[in-house]
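Down below are the structures I want you to see.
What follows is a pair of complexes built around chain A, which joins chain B in one and chain C in the other.
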Partner chain A sequence: MDALSEVVSVLYQFGTNAVFLLLSAIGLIVILGMMNIINLAHGEFMMMGAYIATIATEHGSPLPVAAFLSFLGVALFGMILERLVIRRFYGRELGALVVTWGISLILAQGALLLFGPYMPAIAIPSGSFSLGRYSFSYYWLILIAVSIILVGALWLIYNRTSFGLMARATMQNPAMARSLGVDVEKVYALTFGLGAGLAGLSGALLAPTTSIAPFMGQQFVAPAFITVVVGGGANVIAGAVGSSALLSFVQTPVGLLLGTFSGMVALLLTALIIIRILPAGISSLLQGRSRLAGAR
Partner chain B sequence: MTEQDAEKTPLSGKSEAGSTSGNDERPRGGPVMDRRTLMQGAGAAVAATTVLSRAMPVRAASDEPVKIGFIEDQSGNLSIYGIQKLHAAQLAVQEINDGLTLAGGPVGSGGMGTFGSYAAQPPVEKEIGAEEQFINDGGPQSQKGMVFAEDSDVLIKSGDTGILGRKVQLIAPDGQSTNTLWQQLTRRLIQEDKVDVLVAGFASAEREAIRPIVDQHKQLYFYTNQYEGGVADEFTFCTGAVCEQQVIPVMQYMVEKYGPRIFTIAANYNFGQLTAAWVRSFAPVLKAQVIAEEFPPLEVSEFSTVIAHVQQAKPDWVMTLLVGQNQSNYYPQAAAAGLKYPMASTVNMAQGYEHKRFKPPSLANMHNAVNYMQEIPTKRNQEFVKRFYKMFPNDPYLGQMAQNTYFSIHLYAKAARLAGTTDQQRVRKVLEAGWAIEAPEGSVFLEPGTHHCSHYIRLAKADADHNISFVREWPMIEAWWLQRLGVNLVRHPEHKQYVPDEDPFFKMFVASK
Partner chain C sequence: MRQLFRLIGGSHDIGSSRWFWSALTALAAAFLFYPLFGSEFGATNVAYYLLNIPLGLGLALLWGYGGVLSFGQTAFFTIAGYVYGIVAGNMTENSAGTVVASCAGLAAAGVVSAAFGYFVFFGRVAAWIVPILTLVLTLLLSTFLGLTAGYQWRVGSVLLGGYNGMTGIPALQVGDFVFQGYSFYYVTLALVILCYLGLRMLVNSHPGQVVIAMREDELRTELLGYDVRLQQLGVFVLAALLSGISGLLYVQWGNYITPSSAGLIQATLPVIWVAVGGRDSLLAVCIATFLLNQLTYVLSSQGNQYALVIVGVILVAVMLFAPQGIVVAIARSRWWRRTVDPNASSHG
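== the complex of A and B ==
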């Protein structure tokens, strides 16, 4: 019984660490991985999603509904932002970096001015279960299931729907796609909106585990970028899944044996080594085995 | 497709067909501005600056406001603390300009003590609507002992408007939770704005980043935050609580009530490491033992590994020294994972108001030895809380560091009045007169040799519904550690921070385990 609880504890931590990385990254997978926009406002999109979910739950809606509202709200905001601002920076990566950084400052300070330094948190639903001398909260298991579903849904959208086909075509060769009748502007807007909406959704999902404050987005930015860059651009979805699994696979045992700090150091060292050996990310290893979105 | 027709697409910088010549990032045409325009513009700018600065009339000394330089984090990870402190500073400046001051001086105010009856248990407070109310007053008054009358009129007329007839102005830039920016802002406040006093600093890292600059310019500096102790600096006055005033009382209570096995979780920077060293060193004195420690970095916000460690170690209670928004996520995550150990802290609840931010029972059984919390039921504190919320009705909490800032600024005003000038070196000497000031927490004494304050310490406990009660009190605990180290800044000026390793006492107990 003791050995079983130890094994479950290790697996649980592995899953939790991996899910944290994956959920932080999922919005950025679309925007950075597919559209190649260095979105420094990613943390603030997640913050907006968390705020929308908090306000919705305060008015009595259950968490799934609130999460869906966050998705819609931030997606809409993303599409408007794309049309007004981001569109002018296609091809200019450094320009996009600076303008999204400016947007992140505006959003965070705006939240501070509008809502004050904090909002009451959402209680983590579903309670806990215990096994041996450990006890675990159900919510992370729910999050693991939800993120698997989200990744699956993203894959389905990009590979089995006509929108996905058009999006992949546009990313590969916009001029040709346009000449074949694809409304390229609309694809960009929808793709950016999807990425923003996913960021908002994951912000809403992670909101119960964290405190709701204007600068909460900053805790997700570094994990998100590390996960997406280590995953690489050849096969963005599989890359991000693979990198969050791999990084968590290194972080968890080191963290268990030597402490959380050493776990973080191990994660960063691993990311460093992978990027040095495989500059195009680990998905370049998987390239050629599938035809997922963003293949260049 | 020619280069001129290169389309604006997200990936056009990396398109397979394109080469670098199609890259939109390279500027087109020649330089943006030609040399002539640049020289004309520069000449105009220099002329304008000269004219403007010469046009300033010389102002009489009494028209110049007294400038208080105030740097806090109004944005970033530490902003939940910085904004409270800023508002408390603004309240203090307003009161000084309105001709008010806190009672106190080189002699304390004193009050009547007498025999009386009191209840066996402390009262339990809950926030109902906008006010703290007692939901349980502790039972019948069955105990007899000494009771002390509290002087409630501590905000009195100063007989002055502002300081020595000059208005007080608060110059408050935003440190943005970034240490390098703090250094730039400190230089700017000292060299350009020429502030008469600098009141700044939340995190110990921020204080240590700016203290060398303060020392270099001999700037009078108040650090109003609680911290790990040890700063012996002739220009610095630390008015916050230190380890011997917080760590030791709370450890004593927890070991007595819950047992000797301690698990420490501390933020991984100078404050967390040094305070954890105090816990480790003091445990043997109490016949307790730190069985394990964890030092998560300030950026970590996901604590499943730490929670598993705690469950593995099975302590009697957990010492949490978590700082910043990211790290306060430990509480809801631990509660959701079913972790039920009693907790003690010296930082949480009183400054980050976790008991208000997180849903019950995340902070159940949290104990903190504090010099101030908004919930203190004395009349002088309730008046202070009312004044604060009258000026800032939308603020979520009034915490320990905000109160420290408030009375420190009033203390500076009193010292400047006694000195008859705002000359920094003279005010510094006058601050060593042995001041007692009637702060909202109680009577606070600024000890001349160590530049630290003795505080009224109360042990706050949060129950499962996050109601607060103060289960033990120490009316005056001195900041005695620097005295034991032999620090006397009046006789021997210094500019350093002592760490526990330099005190042989710590080694004595750690060695004889």
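== the complex of A and C ==
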């Protein structure tokens, strides 16, 4: 029984770390893989998702509904932002980085001015169970399940819908896709909306596990970007899943033995070593065999 | 000597006419004589606006001339500041202590940037990875320094101090002379002018041409026989050393440093100075760094909460409407060339 609880505890830690990394990075990696744009306002999109979820639960809606509202709200905001600002920066990736950073400053400080320094916390729904001397929260187990569903849904979108087909065609060769009648601008707008919406959804889902404040996006910046750097943009789903699993595999033991901060440092060192060996991230390794999006 | 002047007057910065150099000399003279009619308090404030210029110049060299964007220049600023504080704080008996500490601070910034740059540049990563990883570096540094509260975190007799930071850092001292007030102002001014003229010579010299060539086309530069990885690493370390100079000046100016020097908001600011001024002009970056530092300092000392929003709006507006930077846009406009600076070379 005791050995079992140890094993379950390590697996649980591994799962929660992987899910945290995956949820932090999924919206970012969708936008990067598709449009070669790094959205530095990603953390603030997650903050917006958490704020929408908080306001919705304050008005009595259950968390799943609130999370869905966050997805819609931030996706809409992302599409408006794409139309007004991001669109002018296609093909200028460093320019896009800088302008999205300006946007993140405005969003974070704007939230502080509008809502003040604190928001009421969302209570962690459902309870916990204990096994041996450890106790496990049902909510994190639900988050693990939700992440698996999310990845499955993304896979279906990219591989089984006409939007996914057009998106993959645009990813491989925008000029060719355009000449075959794909509305590339619309694909970009929808992709940016999808990435922003996923960031909002992740923010809402992670909101109960953290304190909700204007600058809360900062805590997701380091893990999300390391996950994206390690994953690379060649294949969105393989990159996100492979990278968060690998990084959690490093972070979990280091974090358990030496503390949270050492776990983060281990993530950075892993990222440095990975880019030294695989500059385009591990998704290029997985992608290399099938040559699906190798044109980048 | 003549060779030197030709390098300084080269075409890789705005302004090369006689008119331009007279105006710049007049500006330098104004700064030189400012203490005659300004108060010591005023001179200390102006020194603060000036001391960030080497940091901005380093980022301009790296991003504007070299095509490599970094969000982590504040990490090297902070490393130099903390190392200076540790060494100088342990050598208070020795009159050469602060000079040794300055060298140690710069060396630390150089070593960390070289080790970090080795992985990044020798891996030949995509252009967007360098800014992301440097940002992570500075955020982790800030988090780490925030954890160093308590008596167990001390080096010799100096406490790192956690979120409250390190206090009581000694001012620069040479022999028995302590640089404070007006004398610190002149040290800062001299370093800023040296950095500007030195970098202007660099970008117009042969090594500088290689840096610009890498920005234009890495593959072509490599095929001409240059080791792009090594060159980029060299520029990265030089930029880190320039950040280190700013970090040293900062701790000598205020006698304290906190982990927020490496935090997200501070990391944003250099990118804003450089983007708003114009990243491929050293002088434009100097002007923008000075004015924007003054703006944020005045706004935040009034307790104005809109400072960050205003700076963010300025950045987004510049990126949308004058992507090459405000100062550069003015200097390269037809109006400016016709009326003010008719002898300027065509690519400015």
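Some points to look at:
The definition used in the following text is that the second predicted complex is superposed on the first by the 287 of 296 C-alpha atoms of A that agree within 3 Å, B and C clash if a C-alpha of one lies under 4 Å from a C-alpha of the other, contacts with A are read in each partner's own complex, and residues count from 1 in each chain.
Everything below uses one rule, namely that contacts are C-beta pairs under 8 Å (C-beta built on N, C-alpha and C of every residue); 3 or more make two chains touch, one makes a residue touch a chain.
If you're wondering where the values come from, they're calculated on a predicted model, not measured in any experiment.
Aligning the shared chain A places chain B and chain C in steric conflict. Shared-chain residue A:Val99: touches chain C; no touch with chain B.
In the superposition on chain A, contact of A:Tyr118 is made with chain B only, not with chain C. By the touch criterion defined above, A:Pro208 reaches chain B but does not reach chain C. Of the two partners chain B and chain C, more chain A residues are in touch with B.
By the document's definition of touching, both partners, chain B and chain C, reach A:Gln109. Judged by the touch definition given at the top, the superposed model places A:Val85 against chain C, while chain B stays out of reach.
Shared-chain residue A:Phe136: touches chain B; no touch with chain C.
With both structures placed on the common chain, the touch criterion links A:Ser179 to neither chain B nor chain C. Of the two partner chains, chain C is the only one touched by A:Val229; chain B is not.
Of the two partner chains placed by the overlay, only chain C lies in contact with A:Leu268; chain B stays clear of it. Touching of chain A by both chain B and chain C, each in its own complex, is seen for residues 36, 88, 93-95, 108-109, 112, 215, 218, 222, 261, 264. Those residues of chain A that touch chain B in the shared complex are 9, 12-13, 16-17, 20, 35-37, 87-88, 90-95, 108-109, 112, 116-118, 120-124, 127-130, 133-137, 139-140, 170-171, 173-175, 184, 188, 208-211, 213-216, 218-219, 222, 252, 255-256, 259-261, 263-264, 296. Across the complex, chain B meets chain A through its residues 1, 6-17, 23-25, 75-77, 79-80, 83, 177, 268, 294-297, 299-306, 308-309, 311-312, 314, 325-326, 328-329, 332-333, 335-339, 356-359, 394-396.
Residues 63, 69, 71, 116, 119-120, 122-129, 131-133, 135-137, 139-140, 143-144, 147, 264-265, 268, 271-272, 275, 305-306, 308-309, 311-313, 315-316, 319-320, 323 of chain C are the ones touching chain A in the complex. Residues of chain A touching chain C in their complex: 32, 36, 38, 85, 88-89, 93-95, 97-99, 101-106, 108-110, 112-113, 215, 218, 221-222, 225-226, 228-229, 261, 264-265, 268, 271-273, 275-277, 279-280.
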